[in-house]
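Note that subunit A is present in both complexes that follow, paired respectively with subunit B and with subunit C.
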Partner chain A sequence: MTIGVLVDLMLALALVGLSLRVVTGRALFRDIVLFILFGLVIALSWSRLGAPDLALAEAAIGAGLTGALMLMAYRRLVAGGAEDVAPRRRPPLLAVPVAVLTGALVALIGLAALGVERVPDAAGTIVLEELGASGLGNAVTAVLLVFRGLDTMLEMAVLLVALLGAWAVLGEVHPGRLHQVDRRTPLVGALLTTVAPVTLLIAVHLLLAGTDAPGGAFQAGAVLTGCGVLLVLTGTVRPRAAAGLATKLLVIAGLAAFVMIGASAVALGRAPMSLPGTWAVYLIETAMMLSIAVTMTLLFARARALEPERA
Partner chain B sequence: MSSFLILSALVLLGTIGAGLVRVSRGPSAADRMLCAQLFGTTGVAVLLLLAQAYERPALRDVALIFAILASLVIAVFVKHAAIHRQGDDGG
Partner chain C sequence: MSSAFVYVLAASAVFGVGVYGLIVADHLMRKLLSLNVMGSAVFVLILTVGGATPAGPDPVAQALILTGIVIAVAATAFALALIVRMFQETGLTSLRGRDDDD
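This part shows the complex of A and B:
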């Protein structure tokens, strides 16, 4: 399969070239566009390497959401008087030895990785052997929820802490539209009526597919965040002064579902964090998707809560 | 058949490489952004070809995400362009 090798070679060249341009470039806007392309090429590379779960996450988070976030940050920077093109500066002398040593380290790790022998009872092998007992068809979801459920629960806690931190430094929010959008423009309506429902559909599809095929709560949550950001951008929702009960419940839903099901296992005399069945996987994943999407949309909008804008 | 599909994917990847010139040269921000959008579309095509060639249906979901989130990025860009129009010739 020599053509496949050519595809790999091309992807590898594009990755190295793009990352060099992104790091060394001096024009902000061009480098943001190149960073989005970098995310797309990484997603293609993961697809080619046979890791569609990672490709899904990279396409949604790396290329889509991070790209949108960077463009928003760029707008604020330029509005605040920042220059789009940075002046040319000589790199500090220390940069050369640091670059050489880092390159040597990467080469060393690469060479060492080539010589590593496959351990017969490695964690990955055990997961694949025990996959049938978990009742799930997708090994990644099985690891996230069944084998390493505690780690995933703590990830949800990290997300919650990030939101609480953002709220703490947010200051007072003045209710009102985030962005002045002329909603009579036909394009805004068309964007909302076509893209928003399709985004919702894809998110639910990824969530349901996640138990047996690549997908799951994180990818679904990221896609759903795209829908939320679209609503914020088009001025369909506006910030509220304080978070109501619904927002608070949505934000803690993922962590709460994990804790309740994990703790009830102890009460019923089973191992801590063991899941009672596939329905628990669906329940936790749905709660996680909602929490991820609401948290990230609130972070995007710099808001404590959002409510529909009445036209 | 599968090698024909991979060959097509290779050609499409080549067009992405050629398009990188437009992103680098610009000259306007819209040129760069539209080029990135076209890459998204090409990426969808590459993923669909790879999904068929290697019989990995999950790659079609990746293509779906490429397609849907490209519209989000362009929406953010258009809002930016409406507010700040004079900074088009950056870089």
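This part shows the complex of A and C:
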């Protein structure tokens, strides 16, 4: 047994232990924090499995964004008088057998799939062979934008639908009730003036690097959302009653860029969704990054639109 | 014992734990956490059984998982919006009725 497998074993044990704590704990706040930790251990597992793109996405989206959304919702429930600690109840009799059998079934399928020999012309192999033709150096970005652009376009549609759904159940918004941090205190000011620009820089770097190295629109959008979350939490921006034209354009930008470039290919006599060049990849990814960041920030703030708070 | 073997077993165990949480959890947010835990287990499973190419794990599997991660957070955000609204309307954080004792 090599050191590598030992590390994998430790990560695997951490995953199982943390997931057990997350689902069986009694104090919700602590378990959300443990869930964020669980996401970070998953991110470590991705890098152990040789998938740095996924590690970045998991750390930023799976652990970071999901955690922030959960903690914000938790705060809203507690502010409304919900209880944190659940009363101890006797779990259903069949819960343990059902869970054990499900896990065993998944293990059976997984181990059987591990034993299957990889076909020589698997989709991933073809992607790597044709990577040069795509003009991109990162195979994952090439799949997302060039080879399977339709899937990514529809994914942006799902994100939009999630936002529209959240808006539909939003109810009445209370402007100015969101933040509790006084941003005139020196610490918050210093945090904003250093962290916000650095976040922006990292996001743009991830976007540009994503064509050849680990990174891409999703990771960049998630990091940019971090900036938005910071602005919301420090009260630099506040909810507005209705979404203006700018907000609407920003949330559909990713989908619109995809549709326009993908459909214009048909008008020019090429295959649908084929991109005219690397510039189109950058254009779509920039639009996607902005859409993801604005959509997720609005979901986090539970707002239809945000505007700068005048001091 | 290979790394892939370890991760398949871990993912299966985590998936089982998620199913358990989904059954026994009372609080809707804890059910949502359980669903997310199950999702992560599925992602690990997809990448591990997706096979390896000379340049690392299968890029199509990676793109699929990346898409899945983003869809998961979008669905989670919508579910949280529903949970918060339900709490505002009813004062409840679980599907159990106010007067249900068991």
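Just so we're on the same page, the second predicted complex is superposed on the first by the 301 of 311 C-alpha atoms of A that agree within 3 Å, B and C clash if a C-alpha of one lies under 4 Å from a C-alpha of the other, contacts with A are read in each partner's own complex, and residues count from 1 in each chain.
By our rule, a contact is a pair of C-beta atoms (placed from the backbone, for glycine too) under 8 Å apart; a residue touches a chain by one contact, two chains touch by 3 or more.
Because the structure is predicted, anything quoted here is derived from the model rather than measured.
Steric overlap between subunit B and subunit C is absent once the structures are superposed on subunit A; the two fit side by side.
Once chain A of one complex is fitted onto chain A of the other, the partner contacts of A:245 are absent, as it touches neither subunit B nor subunit C. After overlaying the two complexes on the shared chain, residue contacts for A:48 are found with subunit B and with subunit C alike.
Residue contacts after overlaying the shared chain place A:4 against subunit B and subunit C alike.
Shared-chain residue A:74: touches subunit B and subunit C both. Looking at the shared chain after the overlay, A:233 reaches subunit B, while subunit C stays out of its contact range. By the touch criterion defined above, A:28 reaches both subunit B and subunit C.
Once the two structures are superposed, subunit B and subunit C can be ranked by residues of subunit A touched, with C on top.
In the superposed pair of complexes, A:65 makes contact with subunit B and with subunit C alike.
Centred on subunit A, the angle reaching out to subunit B and subunit C in the chain A superposition, using CA centres, is 80 degrees in steps of 10. In the superposed model, A:267 lies in contact with neither subunit B nor subunit C.
By the touch criterion defined above, A:93 reaches neither subunit B nor subunit C. For the pair subunit B and subunit C, the minimum alpha-carbon spacing after aligning on chain A is 11 Å.
Once the two complexes are overlaid on chain A, the subunit A residues touched by subunit B in the first and by subunit C in the second are 1, 4, 11, 25, 28, 48, 50, 53, 65, 72, 74. On the side of subunit B, the complex with subunit A involves touching residues 3, 6-7, 9-10, 13-14, 16-17, 20, 23-24, 26, 29, 32-33, 35-36, 39-40, 43, 46-47, 50, 54, 56-59, 61-62, 64-66, 68-73, 75-77, 79-80, 83-84, 87, 90-91. By the touch criterion given at the top, residues 1-27, 29-30, 32-34, 36-37, 40-41, 43-45, 47-63, 65-67, 69-78, 80-85, 87-88, 91, 93, 102 of subunit C touch subunit A in their complex.
Put simply, subunit A touches subunit B in their complex at residues 1, 3-4, 6-7, 10-11, 14, 17-18, 21, 25-30, 33-34, 36-37, 40-41, 43-44, 47-48, 50, 52-53, 55-56, 59-60, 63-65, 67-68, 71-72, 74-75, 78-79, 84-85, 179, 181, 191, 195, 198-199, 202, 205-206, 209, 213-215, 219, 223, 226, 229-230, 233-234. Residues of subunit A that touch subunit C in their complex: 1, 4-5, 8-9, 11-13, 15-16, 19-20, 22-25, 28, 31-32, 35, 38-39, 42, 45-46, 48-51, 53-54, 57-58, 61-62, 65-66, 69-70, 72-74, 76-77, 80-83, 86-87, 89, 91-92, 94-96, 98-100, 102-104, 106-107, 110-111, 113-114, 116, 118, 122-125, 127-128, 139-140, 142-144, 147-148, 151-152, 155, 158-159, 161-162, 165-166, 169-171, 216, 218, 292, 296, 299-300, 302.
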